[in-house]
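You will see two complexes here that share chain A, one where it goes with chain B and one where it goes with chain C.
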Partner chain A sequence: MAIHEKSLIRPEDIKSQENLVIDGIDVSGHWSTFISARNITDYNEKMQDEIAALPGGENIHRCWQCGSCTNACTVNALEPRFNPRYWIYLIRMGLESELLRDKDIIWQCVSCNKCTNICPRDVVPEGIMKATAKWLELKGHTEVNPSTHFDEAFMEQISATGRIEEGKTMRMLFKRTGRSLFQDWLIEMVKRIAVKMPMHYVFGMGIEQIIPPRVSGWRKQLGPALDEYVHESEKKQRQALGLDQLISMAQAEVRPAHHKAAE
Partner chain B sequence: MTKPILIVGGGPAGLSAAHMLAQLGQKTVLVEKLPHLGGAPIVSGYAKLVPSGEWAKDAIGGMIDRVEKNKLVDVRLNTTVKDFKGEPGKFVATLSDGKKVEAASAVLCTGFTHFDAINKPEWGFGTFPDVVTTAQVEQMISSGKGVRRPSDGNKPQRVAILLCVGSRDRQIGREWCSKICCSVSANLAMEIREELPDCHVYIYYMDIRTFGLLETKYYWRSQEEFKVKYIKARIAEVTAQGDKLLVKGEDTLVKRPITIPFDMVVQAIGMDPNVDNMLLSAVFDVKLEPHGYIGKANSYGTQGATSRPGVFVAGSATGPETIDDSIAQANAAALAAYTAAQGVTLKAAE
Partner chain C sequence: MAEIINTMKRVAYYHGCALDGTGHGYNRSTRALAGVLGLELEDVKNWNCCGAMETKNIDNEVQTYLSSRVLSIAANEMGHTKVMAPCNGCYHNLKKAEYDLGHKEKSREVVERISRKAGHEPYKAGQIETIHAVDWIMESIGEEGIRERTKGKLKGLKVANYYGCMYTRPRHIFPGRDAGPGTESNFRPHFMDDILDAAGANSVDFAMKSACCGGAHTLCDSDTSTKLCINILQAAEASGADVVATECPTCHAGLEMHQIRAEKVYGIKTKVKMIYFTQLLGIAMGLSHRKVGLQENVSDASSVLKAKGI
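Let's look at the complex of A and B:
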């Protein structure tokens, strides 16, 4: 029998055998169609704690699923699959496989923070979107996204000099994300700026390309202190996500092979 | 001096009514069918009460004490009322021991009966030893033994609390919300998390009704401080696999069926009308309301009036009620019974 509301079933859950004969009866094609069960059989209790360990995810356990965040969401209006309420629930209950289905949409949060402003329980859904995107990256489910590349380029400069030079940040971002600097829109923008910009500005920008701006004495005290804080925070996050364990496990598996080769 | 006022039932409502009347210098006869006073919180061995957080045996114990020591209260234990004749100011009650008591008026504080979870066989109570009721968990805590699986005495790693067992269920003729089970369950969930920090507690609900100020102390606090998880699902059935209980239902928020193993399932049992209500209705000639509780007139004229003049009602005899509200109602009904005993009829302002 044909399945009527096929649109309600995920395509991968509909199974049918192209060639199948049971007890001498040919049930090939749609005659052998069945729908596989999508039963939840366990909760991954670590997941909520892992997200809560990342910046922005701290208040996830407060959510009571009212849906205000999704209703207020700028992205949801354009992309109905972008549903913070739903993802928060999946994380809280530890339905990991379900969350991974949407891994390529979650990072699209534009941080307008309408959800944060409307949330009756101060869950800070925007922070959770950030934490979740970070979690997906750290766990290797998604590639490093452009926003993270930007953050890294930004932080690298701050760490080195205590200041940023926008031109350099831009160049670093384009390099890291594998894009050419010679974008039509960028060339056009530079051209128009060049026409209107006073000469001493252009001169100043040129100097900064050669001698980057820096805070005096930055690397003596503040720079290293910031580095240490960032390093500690990242270490805590890796621990919370069990990443160091994974790495040491992987190394433990590799080592005996090396020993064998040496023997 | 008028005749004494009859109080039926020695739970929180009955104890407060007796105390209030004694303070007014009014004699009372307090009839209790069990061998001790205290009502459900004592008889069922409740642990910490909602919302005070005080141990039941301390809080209700104090109420028992002051009534037992008061000479104006004539306590009759192991006694029921067999017959109640007469009219306001001159009632005669015949007790189960054959003694007759004259009374000017009466206050029924006959309470409720816990829902018997065996009437929902699909949830496994009575079939699997590790399916228990909220009352049993209260006893585990109040006895000091802690929350353990009845089958092997082990600490549970995962506990599911099912709400609305015997409430809001037309299948078993119980349409009412029992009012306090949400708060009590959240309270127990926090108690479990406090005693067993490694134990995960899940609450399966249809709606959460931690009404009024209980919202902060129970619903919010259980989530925010104790990380209790709430899942919107009405469980279809509880079965067993090895020494685990399998809880089946639908997680409605993700539109997916669930089959989750648990070490222990706790059923938040509701408040039924007192099993003796048909009998009480006949003896006192008071009408029951459609759910089977004792019918109460509206509160605009007088407090706790029943269909029979001179007979008043208070507490969970009138429907699911909190201890605090039962006490307030009993005090109000006691005043109404007192004025009726004085021959005063309250009339609306003319």
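Let's look at the complex of A and C:
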């Protein structure tokens, strides 16, 4: 094959003919594969700054594209389309439409930190994957992914009690993602836990469903102190992405139409 | 300010949320092990969640604050200079908070601000050292001590030691690693191998020591996790191991759960059993299977051990 790294080219961009004659020269077979030219019509110049404003994305500007992250990546070994180096490139170049082609798998980063460990430039690619997935959600390109639902279920519990209770986390996740808890492998797992666990643990965990474990003084002082910071941080993130502005612009467009209809 | 305690024989114990739930076998065996080794564990008072792997996605400093509060209580209220966290997630987060507070102005500012508002002393980098359960055993008892006390009790047992991600990565939050003989390595972790070998076990050459089990997405993206766990379990079997020794409740529960899921969903069956390294060491020290909670594990290794006369 004359094209190196053919796997990186999208199949629809590869043009191949069985018999091809150009200017009277027969180029059938080996030399008849071409890559169609890419026409880039639009750059999103804000994309890098917006992702840098989300948690984990801060160091994206440091990347020099060595590819160590993709090389080390756990998920890449299972799904070759999962390519952190490439996505960081697209974000830095502002190639939004290219990035959107992979929008449904970016959240699948398992946070194993192999990329962050190996990165020679302290880019924290793991954080960038999280920031990018969040950016895609906030901009409305994707639904809220299961991982974000999980993060929020955690945060909600911590903010309320200061601790995590596994059974509740699991129920919250399945409820938020609309999945059934009655999957045969899960039932099997719970059955085995129920049989194995000593009675006082089963009893204790049952009680915890009703009265969750709680840090004393959390509700009064610690929780609110943390919440205040979280709200502030979320507000900053929304501002960086111009979300409130977008919403008010959309409302301004809708409102005159309503007024007209009323008249 | 409490009296300062600076000894490996008496450390602050931060077991975290997971060890109260699915990781209860780890909690029970760690406490039992402390008793039989003559070490004292003092629970961190009124502890909170370390922030797990999820809160950093809401905001990095939320996780730093949550971990710093635990460190602050252990250091300022209890006077400890060592806090032991057996869960890899907690251990990682406490180490990460320590690093961030030592290196990032923003982390210091936010922790100072939330701590003052929450009404407790803000934690300052360098007040306390976070250690893992394997460090705790290695530094308080040591290989020689284990050899004397166990008299090769685990002889004939082949163990694949599984360390996981959070114990080894990213390397900058674990200063002191890879610093010559006697130190732990991030690239080839060996403390658990050393401990169990000293107790007579035969640690097999296991290539997936610090591979990822997909623990962060064990429920959100179960297919990915199952594939990753199957790789680990099959590699352990291929290396001839009877059991996989673990040191993290998330890895342990993940491997147990996805062993079942792989069988139910993909029809891939593996026989290897999971066991916490503290359970193995406890048994080597003469504790009964029941005392270390072996039967309570979903993947019950007691029959494997009995067949070897352990």
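Here is the rule we use: the second predicted complex is superposed on the first by the 218 of 263 C-alpha atoms of A that agree within 3 Å, B and C clash if a C-alpha of one lies under 4 Å from a C-alpha of the other, contacts with A are read in each partner's own complex, and residues count from 1 in each chain.
The rule is simple: a residue touches a chain if its C-beta (ideal position, glycine included) is under 8 Å from a C-beta of that chain, and two chains touch if they have at least 3 such contacts.
These figures come from a predicted structure and were not determined experimentally.
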Practice item. In the superposition on chain A, see if there is space for chain B and chain C together, and answer fit or clash. Key: fit
Review point. Does chain B (first) or chain C (second) touch A:N39, or do both, or does neither?
Key: first
Exercise for review: Could you look at A:K103 and tell me whether it touches chain B, chain C, both or neither (first, second, both, neither)?
Suggested key: neither
Study note, to complete from the structure: The chain contacting more residues of chain A, comparing chain B with chain C, is C
Practice item. Quick one: classify A:W64 as touching chain B (first), chain C (second), both or neither. Key: first
Point to revise | Touching partner for A:L95 - first (chain B), second (chain C), both, neither | key: first
Practice item. Could you tell me if A:Y86 is touching chain B, chain C, both of them or neither one (first, second, both, neither)? Key: first
Practice item. With the two complexes superposed on chain A, say which partner A:K134 touches: chain B (first), chain C (second), both, or neither. Key: second
Exercise for review: Report for A:R121: first if it touches chain B alone, second if chain C alone, otherwise both or neither.
Suggested key: first
Point to revise | Minimal inter-chain CA distance - chain C and chain B, angstrom | key: 16
Study note, to complete from the structure: In their shared complex, chain B is touched by residues of chain A numbered 37-43, 45, 48, 61-62, 64-65, 86, 89-90, 92-93, 95, 98, 121
Check your understanding: Across the complex, what residues on chain C touch chain A?
Key -> 17-18, 20-22, 24, 46-49, 51-62, 65-66, 69, 110, 113-114, 117-119, 165-166, 168-171, 186, 211-212, 214-217, 219-221, 224-225, 227-228, 256-257, 260-261, 263-265, 295-298, 300
Revision key, fill the gap. In the complex, the residues of chain A that touch chain C are 55-56, 74-75, 78, 108, 110-114, 116-117, 127, 130, 134, 145-152, 154-155, 158, 162-167, 170, 173-174, 177, 184-185, 188-189, 192-193, 196-198, 201, 205, 213, 215-218, 221-222, 225-226, 228-230, 233-234
Study note, to complete from the structure: In their shared complex, chain A is touched by residues of chain B numbered 200, 202, 208, 219-220, 223-224, 227, 229-232, 251, 253-254, 256-261
